[in-house]
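What follows is a pair of complexes built around subunit A, which joins subunit B in one and subunit C in the other.
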Partner chain A sequence: MPENNSRKVYVIPCSGIGKMYGLLGREAVLKTVKELRPDKAATMCLALLVYGDNEARKEIAGARCITVDGCPKLCAAKNVEHAGGRVVEMVRAVDAFRNHRGVDAGTAAHLTAAGWQIAEELAADLAAKVDRWYDAGEE
Partner chain B sequence: MAAKYVILPCNGLDKEAGCLARELALKMAAATGSEIICPVLYQTAPSRYAPLLREGSLVVIDGCATRCASRIAANNDLKIYRKITMAEEAKKRDYNPGPDWRVGAGAAAFVEDVWRSWQPVLREQEAGRAPGENAGLFAGPLEYAIHRHDKFIFRVPLEGFYFNENDCWVQVQGNRGRVGISDYLQQNLSDITFVTPPDPGTEVEQFGEMGTIESAKAVYELVSPVTGRVVAINEAILEAPELINENPYEKGWIAELELTNFEADREFLLDGRRYLEVLKEKVADFNAGK
Partner chain C sequence: MSEEGKISIGLISCSGEACPGGTISRLATQKVLRSIRPGYNFVTICLPLFMAGGEEERHFARHYPTITIDGCEKCCALKATEVLSGPVSGKVVVTDLIAGEKLGEGTLATRELTAEQKAMVDQVAAAILEQVDKINREG
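After this line comes the complex of A and B, so read on.
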């Protein structure tokens, strides 16, 4: 689909409400698309896709999507795929804790300084993934 | 014992109105010990939240005009106790949500103000009072426009009130609407002697009858500006109908409705400024008729 060549890479988190991992993933995604890679990445409100908003579905149809989930339900990955997005990377926020075992990252409402640090690391990882998929073009 | 609410907020991503909805949900949950429903997980696994929804009153918080949270609630036939729309709250406060996705000091103050305005409503449920006693929810008009004609002074609230051409108004807060008659109509009727409001539980259609008002001059059939179910009436006006003469927009309100579809109803209503123009024409026509 050549029309997708110039399209941004979508980085879509789960709703990120109710669990700390969800919040951390959400913040990492926002940092990626708003600060680190605003020219290459975009995000989309998952609820729009879930309840079947036609415009939202049309926008991500066939687009390269990196999903970021906070809990094992993998709402973002499943729903983006179901809505027609092409999930090229499936990221779990919990994996960002591999090098931070036992750290108090915060709560479902607020991240601690350590939590923000992990979110920054996750954002950097997401930005690298965006670069890879953006530069790869359509495959 | 604190009342327990179940909060269904908008997803809260990307647009500031959504971020504000999310902030309010978190603030409300922390303050009241309520549970938050993840809107995405609810849509995909509704049974997970069924026990919560059986026990608590549902508060829906929408961010932008897309109203995802309301749609999810409607799609699942959920009974909504209160509905808050951040875009509307912002409009009321003349606050402009910007592109900033971080909740800064201005946004935090705005959310705090919205929360403060809704606290009395939630406290009423905690106290077991009827929703019609929501004095804090329906604060009086902030500003009236004045139209003078001879010795008569007609007032029209400029913000938050919508009128039909039958001179009845509705003040809307979330999915609740308080209805009454305009200053122009109460002055036309002169001294009001009896009020027969609709019974609680009555389903009222927009432009359908919502009770009568009687004065020495006439019996007037009230025309509802909105569609909904009557959830409370103003008991005070049964004992003291003159409250409508004193101030029809505040103590003289008539009934409170749970609104069914205000967005559709609003297309047929006039805001305060437009109603003021209609009122001026009516006054001029009335005068010419003399």
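After this line comes the complex of A and C, so read on.
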């Protein structure tokens, strides 16, 4: 496969700053694109995209995108789609808690050890999704 | 004014998923939100939600003093707030305070923060609080 950024799968978190889920989703995305799948995945500033930056919109146009949202408003999914990205997976950070009910994962400002563990699990799930869509080519 | 006679101030931070300044902005904003500042009630607003049509958020920014915190010179938070809700009461741009080469490139997870970057967070938080003081002085 050629090393071409346009082939990469974009993983874009919501920018939720007020709740722990926003932080957890964001950290999971950063781990995915930086550590787990740097050759296959990239991210982008959601605000830049929403603001209508031409370069950002051009980059995302038609690209396969996995969005990660921290709240039911689904800003990332809706805005990425509106900006022209192809949302192939819509992930909610809260779903990563299915096996961790009642756990203290931290706050909007910092994650606890348990929170980091959940973020790592979410990152692994995102990496698997990236593999699936990257390997699927341009379907 | 809001509850208990405190002055409500909105903080709108970019989250710059793709640049270190975004992480610094976000953490500095969180620091201010958690800071004990008698007489003030800090409120944060998710930028993409605000930009995508959050009427409650836009109304707040229109009627209460608001400070934008941007991680890079594109100033998504500042521009969007001015377009959607009118002039801001204060602004902080991380790249105006810290040279780009010091900030580095690429994404920055909160776990990766160096002592130098933590000091940058403190510096940006102090700059936000300076804007708060300015709002107080100017009424």
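FYI, the second predicted complex is superposed on the first by the 132 of 139 C-alpha atoms of A that agree within 3 Å, B and C clash if a C-alpha of one lies under 4 Å from a C-alpha of the other, contacts with A are read in each partner's own complex, and residues count from 1 in each chain.
The rule is simple: a residue touches a chain if its C-beta (ideal position, glycine included) is under 8 Å from a C-beta of that chain, and two chains touch if they have at least 3 such contacts.
Keep in mind it's a predicted model, so treat the numbers as computed, not measured.
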{"item": "Superposed partners subunit B and subunit C on subunit A - clash or fit", "value": "clash"}
{"item": "Touching partner for A:62 - first (subunit B), second (subunit C), both, neither", "value": "neither"}
{"item": "Dominant contact partner of subunit A by residue count, subunit C or subunit B", "value": "C"}
{"item": "Touched partner set for A:53, first subunit B, second subunit C, both or neither", "value": "both"}
{"item": "Touched partner set for A:17, first subunit B, second subunit C, both or neither", "value": "both"}
{"item": "Colliding stretch - subunit B into subunit C, listed as 22-30, 202-210 or 256-264", "value": "22-30"}
{"item": "Touching both subunit B and subunit C, residues of subunit A", "value": "13-18, 22, 26, 30, 34, 43-48, 50-51, 53, 73, 75-76, 78-79, 108-109"}
{"item": "Contacting residues of subunit C [partner subunit A, same complex]", "value": "13-19, 22, 26-27, 29-31, 33-34, 44, 46-49, 51-52, 54, 74, 76-77, 79-80, 106-111"}
{"item": "Complex interface listing, subunit A residues touching subunit C", "value": "12-18, 22-23, 26-27, 29-31, 33-34, 43-48, 50-51, 53, 73, 75-76, 78-79, 82, 108-111, 116"}
{"item": "Interface residues, subunit A side, partner subunit B - complex", "value": "13-18, 22, 26, 30, 34, 43-48, 50-51, 53, 73, 75-76, 78-79, 108-109"}
{"item": "Footprint of subunit A on subunit B - complex, ascending", "value": "9-15, 18, 22, 25-26, 29-30, 36-41, 43-45, 66, 68-69, 71-72, 75, 101"}
